[in-house]
Each structure stands twice: as structure tokens, then as C-alpha cells.
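Have a look at the structure that comes next, please.
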Amino acid sequence: MAFSEDIVRLCERFGLTELPDEGPVVERKDVVAFAHALKDELGFFFFVYCVATHYPADEKTEQPDRTLVTYRVRRLPIPGVRPTETFPFRLWVPTGDTTPSLTSVWAGADWQEREQFDLVGTVFEGHPDLRRLMMPEDWPGHPLRREYAIETQHFPWR
Amino acid sequence: MLEWIAFVILGLSLLLAGRMVVVSRDLVHSVLWLAVALVSTAGLFITLNAEFLAAVQILLYTGGVITLMLFGIMLTRRLATARVEHGSSGRVRGGVLALATFALVTVAVRQASRSGHLIQTGTLGDTKALGSLVLRDLMLPFEALSVLLLAAMIGAIVLARKVDP
Amino acid sequence: MMEGGLLFGNPWLHGLIMGVIVLSGAMGVAAYAVWFERKFAARMQNRPGPTEVGYGGLLQPIADLLKLLQKEHLIPRSADRPLFNLAPVLVVIAPLATLAVIPFGPGLVGTDPSIGLLFALAISSLMVIPVWMAGWASNNKYALLGAMRAAAQAISYEIPLLLAAMVPIVLTGSFRVGDIVAAQEGGRWFAFWPPGPGFFAFLLFFFASLAESNRIPFDIPEAESELVAGVTTEYSGMIFGLIYLAEYLHTFIASALAALLFLGGWQGPGPDGIHWMLLKSLLVFAVIFWIRWSWLRYRSDQLMAMCWKIFLPLGLVLVMASAIWVQLR
Amino acid sequence: MTVGTTYETPRAGERKGEVRTVNVGGMRVPYHLTLLERPDPYLDIDSYDPEADLMALNMGPQHPSTHGVLRVKLYLDGETCIKAVPYLGYLHRGVEKLCEKLTYVQITPIVDKNDYVSPMMNELAINMAFEALLKVEVPPRALFIRTVCAEIQRVASHLLWLGTFGLDVGGGIGGGATLFMHTFREREMCLDLFENLTGCRFHYNTHQVGGNRHDIPEGWDQKVKRALGHIASRVDEYEAFVENPIFKARTIGVGVIDPILAMELGVCGPILRASGIDFDLRRDAPYAAYDKVEINVPVETAGDAYARYLVRVREMRESIRIALTLLDGVPEGPISALKPVKGPTNVKPKPGEAYVSIESPRGELGTYVISDGSPNPYRCKLRPPSLHAAALLPYLAPGSMVSDIVATLGSLDFILGEVDR
């Protein structure tokens, strides 16, 4: 699966030459501008998802404890011009750091980012209303982190 | 005899309700006591054979005005939760005023009945007589009153309406 | 008091006996109206309805009553206790008082005063105050919204209801229900006889009384998909049953009044009597159920708009038209 | 291979006439919908209303019309809503966490419970994602069976929606209940078909990685034809029942959705199509056997609750047609590419990730899986259309009355099991 030409050109403008199927890794400082360009120039209006995946510190690859945040957006088909297409892009967020929120670009990022904050603990900077979405307000820990095993000592699972 | 018993009961309930309207600390209770007072008045009308008046009293005052008052209280939420405070400072003055009013009305009624200005109780119950009285003999004041009420209503709407932004 | 035509000579004795008959009859009608409605609705919805208690579920109302009596009567802590307890009682008193002036046959009436119809309408207009009390005293937001809607609806729809009732009054020239029925002698029912206004007045009366008794499509004070149960949200046990009973009584009275004012009351082809009256009012009753189980619900502002923009002008026109009819005849 | 269309086509739109459209990023969007004001969902209620005159009404989590356990905090001025704040999570079961703990084979019956109104779709979405991870080619017979099941499920789901929408606008003790009882009777037929196929009425567990678990039993296609033909005639009855002045008064102009906002929120499916966007994953990004059949996508331009009703009803007819068309062309062959799994740890994809989305009755139902080579997914994100539809609420509720909010809630058709997962 290759991406369309205009997407490749846009990515080149942002210095993204590697375009794997899972999507390019965007610098955190660039992401808002990149997202705006995607939406305003290429017509990616449709917000599909925002997923944060926790990767604990790995001794083999000497990676620190970090989170992979993946966004996926879609553009709708225009008959005779282009088919529908989704485009993912991702960013690495070291644990304890924040990542810019894309709520100002796609309104749908609001709840999705709240959910990822709730479940994975990624802090989205500039989010207008960053509260827990699924879990109770006073819930300890973030359930989808790897260390939050089901055999955890956290309260309800004891 | 039975009329007397009914009169006494209704009068007592009217007095009690009237008192409760004034002393009740809850605004809603006050209005509901007022409803009791109005229904008792309607009952008194019935004992006087003025059934039409009684029905109109219930229909308009209890069914309409009281409902409007309750509606108004509910829509003004600060009014709804407010407790009405009663001081004792005006008690003497109020009592004197009430007695004076009572005396005035009594004297007026007695004089009117002596001079024969009072409408006979029989005609009060007669809808036809009442209708011709209001819509024929007292046509002008009746219409003037409706115009006045209309003006008041329009004025209220104009005052209450928010200025368009 | 109406002289003559009383089944028992003494008006006091007559009133007492008729009171007992009418009240117990009305309670039975209300209870079996529930059974009838449940069966009726079930047939419309491809289900059998109550079948377990008695033959065809005929004892279901009694079972329901026993269940309601056994249930605990919960009073919310923040409720206004005296009002909360008083409201359901008053809710039932209003329609029962109306029954006093509704004749079910020649002479089969508690009392037939010269302002009978006005009295009935006045008392049924009182119904809104206890309903409002129930909503207010519950101290529940849904109940409060329901009370607000009930009050707004009742004061609006009282006017078209009265205007519609004015048409037979104008045509007869009397407030006495007995006179109105007598004026429809010979099959000249007001629903059909002055050929335009009568029919529209009947429709107007029917829909306005649907609104007065909070039936679908005008049941917005209860609106259980929006307000949970409206004013009855906090009520439980028999005290809820009382409100429920009052609702059915109110509907029954509305249909009885419609039958009396517009459908010739107890007159009919063949012998006159209570059977025609019951048949006609139950027919109107059934139509109300039919509408209830097949129509959806209006929104409150649409309801108000309909009242003030359609029903009220229509009512005024109808009263005028019937006055002109009377003058020309 | 395209199977010929022999069954009735959906009814043409009722509201005819040219609708002015404008160009937004190449798409044609109805002009009148772009004029809608977008309320501020982050309105600070304390500074808006310093004297606390507004009534804060908690609608839910136990409320007849929130379709489960959604809690919406409404700030009401009289009966008009100023701000609506949805609170989710009352049905949160941690499915995504469970997916990390369970093996690929064990996940299918768990996700059945997400969108409990159309379980077939959940199974299909998640198994298609696993197949994409494993790079397995599913045999055509299985694809056809999956597609037929999906379409029957869509009919069942829309039937349930129609009934519950009736309850919302018509009341549980009233005409709405009558509609509800009737739609449930027909939905029951769909469930009977599934019972016949899979042995289960609701949580089927019939899809598995690489194909299907159950083959079509003897005479099933005849039963499907009979049942769907019956339902098609009943849909006309519902239309006759529902399309009365009261229903129109309650739905026309209620909950009008701006398609651009809807797209930004990730809302699609019937909601987006009712706002004039001609987009259907079945046609535009075909999966399973949808490329074998012609698909007409019903589109409405009004964007209100009535338009959503029209779209869903027409979709029901279209689904019946698709199912019947495909049923005629089910090819012979195996129903699964993989051998029946012996143990739960048999399926082990290589490290990688996949995102697959399908058109569920509510919109784009996606599954995003990351595999690290172990028998359990490393991360499994379900993209529920309902969550995005529920996110419309803070934009739709302000300015409308409580009754309209209920009608809007009903017309959005979100399933709380899917919203909370």
C-alpha cells in the first residue's frame, strides 16, 4: 500500500522521506502544522482515531519508557478524482513528556485524546478539557499501560 | 340550618386560609392557601345561590390565576427557594387597618341593603340576568375594562421583552 | 337543585345514594378501563396482554390494586411532606367532584344544577393545581419540569375546551347538562347537527380534553422518554395509584362529557337510557386509547403553538358561528 | 463477477428538488448545512451564569431515553439547553485491556458484546484485522456468507433503531411502543435466521480468523428469502405508520448536523449520509464480497433527524436487496482458509500492525491491531462509530429543548456498549 503522490509531496516538505505503511514518524514540534496541512491542503477532514501504545523501557534495544501515539485520518472520495484513503502518522512520546493536542485541527481528537490520556496516560498539551473519559475521576493508574497487569495491586483488581 | 352549617364551615376555612396566606413562610404554600381561600369564597357564593359566580370564581381565579402564579413562581427560581420573613413590627398597624376595612365594608353593605341598591340574590344565580346586566346595561364600563386590561397586557409584554441584540 | 326527575324524592337522599352509585361505578370503570386499555394495546401490538389473573386477565386490575396497596410508600427526604401527601388525594377529588353533575341517564345524576356544565369544567380546571403540587413537592428536577409543562398546558388548553363547550351551550341556551341532552332530541346530535360548527366543535372539544387529561399526543407533562415519569417520578405504591386512577377518571369524564354534549347523551335509536350513555362514552374512550397507542407525542412548544394559533381562533369562530346559527334559525 | 440485480430497488427520495451545494476540499456539501453555527462545547458555565440560575439536570445514567447508561449533564434555561456534557464509562468493561490478555482466537466472543445490537459486525471487523495481520486470503464462500450475515444484521440493527426511536419521540406508553413491538417482531426473524446458521441468537462467535465457523445449513437460503421478503413488505407498513404530521413535526429540523463538523468528529455512516455526504465504505473501499454487487447509497441533504430516519429506512431496503442478491451467488468451496484451530495459541501473526474498517450500521467500525509476534495482540484499539456519534452531542444539544435532545439522541443511534467498550 503506497500513499498518493500529494501525500508524499507533503511529507517531503516536512522532511519525512520514510513512508512505511504504518505511517511516518512526525516530530512533535511539527505535528500541528503537519496536521493542518493535511486537513487544509489535502482534504483530510475525517478523523479516524488516535491511539497511544505504551512501550516499556527495553534493555535489549536500550529504548526508554515511551508511548507511541498514532493518528489516522481519512479523506472522502471525490467521484472521478480520487478514491477514499486513510493516512496514519505517529509520534513517539517519552514517558513524562507531553505531546501537542490536535483538538484544534480535528474536533474529533477531543474525546479520542481524552480516552488515550485516561487509559494510557499520555498528556496532550493544549487540550481544552483533558479529563478522564472512561474511568472514574479518582481512578489510580492508567489501565492500558503495560505494567498495569490484570494481576495488579490496584484497587478493584486486588 | 344546613346552609348555616355550610356558611360557618366555609367562613372558618376562608378565615384560616386568609391568615395562612399572610403568615406562611413558604411562598408556594402561601399561594396554595390563597387557592383554598378562593375556593371557600366560591363556596360562599353557592350558599348565596350565586352559582354562576361560584363557577366563574373557580374557573378563572383558582384554575387560571393561581396556576399562573404558580407558574410564575416556578420560572423565577430565586423566588421559589426564598423564605418569606415576617416581622412583628407592622402587626398593630395592620390589625387596625384590617379592622377599619372590615368596618367600612360592613357599613357599606348595610347601607346598600337598606337603600335597595343591592342586586337581589335570586338574580345573581340567573345567568341570563347576569349576562344582560354585563353586556347590555353595563356595556361601556365592561368594554372599557377590557381595553384597560389589554393595554396592561401589552405593556407587560413590552416591558418584559428583552431588547433584541 | 333540579326539581323533579329525581329517582328519590328527597334531594339529600338522592344525592347520597347517587353518590355511592356513581363513585363505585366510576372506580370500577376506571379499574376496568386499565384492563381494557391493556388488552386493546396488546392487540395492537401483537401480544396477548394480561392473561394470567382470572379469565382473560379480568382480575388483573384487582391484582394490580393489591400490589399497589402492598408497596411501600416512599417519601423523598427533601420533599415537601404535607404537599407531597396531599397532592394525590386532591388529584382524585377533582374528577370525583365532577362526577356529581354528570348524568348517565334521565335522572341518573347526583345533582343537575343550572350551571352544571360550567361547574364540571371549572372543577376539572382545578385538577392542574394538585398535579403541579405533586411535581413541586417531589423536589425532583424531572417532576419540576413536568409540573411546569402541566401548568402551561392546562392554562392554555382550558380556553379552547371552554370555547368548544360553549357551542352546545349557545345552541341550547342553558348550562344545564340535562337541557343540553334534551335539545339533541330526535337524533339531532350537536356533533352533526348544525352541520359545520358542531362537528368542528366536537373535534375541538375532543382534542382539548385529550390535552387537559394529558393523553398522547399531548402527554408532555408525563413524557416518560424525556422526563422519566414527569410529576409522578417520586411517587410509589398506592399514592401513585391514586394519580393513575385520577388520570383514568379524568379521561373517562372527558369522554362522558363529549358524549353528553355532542353525541346525544343517553338518547339513541330505540329505548333511551344508561346503556346508550355508557356505549357512547366508552366508544369515545376507546378512540382515545386508539390514538394513544398509535400516535407519537408533540413537543411542548408545538403544543402551545397549536393551542394559541389553531385551537383558540377556531374556538372563537365556532362560538360565533353557532351564535349566528341560533339567531338565524 | 457481479451478480445480477433481480430484486426491488430502494425507493427514490421523497424530498426532491435541487439542493445548493458548495465545494469543501473537493467534496460537494449542502450549502445550508455549512451555515450552521457551531456551539462552543467548552463553554465555561460559571462565567456564563454567575448567579447559578440555570438548572443542572443529570439525564442518566438511568434514564429511559439514553439507550443504556450514558449520563448527560444538561444546563437548562427553562427547557432550553445551554450546555451538554456527556459522561461516559458507565459500561466500560476494559475490552481493549482484555484483548491484550487473550489470544487472537479468544477475542472474537468478547467483542461480540461491544455493539450488542449488531454483533456480526464486531466479529467481522476484528477478524478482518487479524486476517490482515496474518495475511490470510479468505475463501469466497466465507466472504459471501459474511456479507449476507452483515446485511441481515444491518437490517436487524436498523429495525431496533426504528423501534427505539419510536420510543424516544412517541413514548413507551404510546404509539412509540406499538412501533417498537412491531419492529421487534421483524427483528426476531433476523435473529431466527442467525440462530439457524450459528446456533446462537445473539453472540454468535461465527467468524474466525481465516473464515467462518458455520456453513450454510440446508434450506437456509429459502428461509432468508422468505424472511427478508416479509420484512421488506413490513418496512412499507412502518413508513405508513411513522410518516404522520406528528413524527415530522418532531424530527424535521431537529438535530441538524453540519457534515464538516461530523467528519472532523469522525462520524460517518447514516448520520453523515443524511447530511449530504455520499460516502459508504461498502462501496468506496469494498471488503468481503461487496465488490461483487452493486450498492446504491441513499443520501439525504437535510441533515436532520428525519433525514437520518429516511436514510436508515432506505438502507434497510437496500440491505435486503444486497443480501438477497448475494445469496443467489454464494459460490461452493471451503468456508475457512485455516484449519480449525486446535488450541487458543495456534494463531501467531508476525510483528506488525493492521487497521481494517468496515461499514457497520452506525458507521466506520475499525480495528487497529499491533502484534509483537506473541499469541496475544500487543495493542488492540477498537474504533467504535458510536463513540464518535456520541461526541456530536455537545454540539447538537445547546439551543434545543429537552424533547429535541431526546429525539436527537435517538436519531444518532449510538450503542453504549460500543461507546464505552
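Letters A, B, C and D name the chains as they come in the text, with residue numbers starting at 1 for each one.
Keep in mind that, in the parts below, a contact is a pair of C-beta atoms (placed from the backbone, for glycine too) under 8 Å apart; a residue touches a chain by one contact, two chains touch by 3 or more.
By chain, with names taken from UniProt: A = NADH-quinone oxidoreductase; B = NADH-quinone oxidoreductase subunit J.
Everything numeric in this text was worked out from a predicted model, so none of it was measured.
Set side by side, the interfaces C-D and B-C show unequal numbers of C-beta pairs in contact, with more at C-D.
Closest chain to the protein centre (all Cα atoms averaged), using per-chain Cα means: D. The centroid of the Cα atoms in subunit C and the matching centroid in subunit D are 44 Å apart.
For the pair subunit B and subunit C, the distance between C-alpha centroids works out to 28 Å. Centroids of subunit A and subunit C (each the mean of its C-alpha atoms) stand 62 Å apart. Residues of subunit C found to touch two or more other chains are 144, 148. Touching of two or more other chains is recorded for no residue of subunit A. Subunit B has residues 75 in contact with two or more other chains. Across the interface of their complex, subunit D is touched by residues 41, 44-47, 141-142, 144-145, 148, 216-217, 219-220, 223-228, 292-302 of subunit C. Residues of subunit D touching subunit C in their complex: 55, 57, 63-65, 78-79, 166-178, 181-182, 185, 241, 244, 246-247, 249-250, 401-404, 406.
Against subunit D, the residues of subunit A that register as touching in their complex are 22, 43, 45-49, 51, 53, 70, 72, 74-79, 81-84, 86, 88, 106-108, 110-112, 115, 119, 128-129, 132-136, 143-144, 148, 150.
Subunit D meets subunit A in the complex at residues 24-27, 41-42, 88-89, 92, 94, 96-97, 100-101, 260-261, 263-268, 277-279, 281, 284-285, 352-353, 355, 357, 364, 366, 368, 370, 378-379, 381, 383, 387-388, 391, 395, 420-421. Within the complex, the subunit B residues that touch subunit C are 26, 28-29, 32, 35, 39, 51-52, 54-56, 58-59, 62-64, 66-68, 70-71, 74-75, 125, 127.
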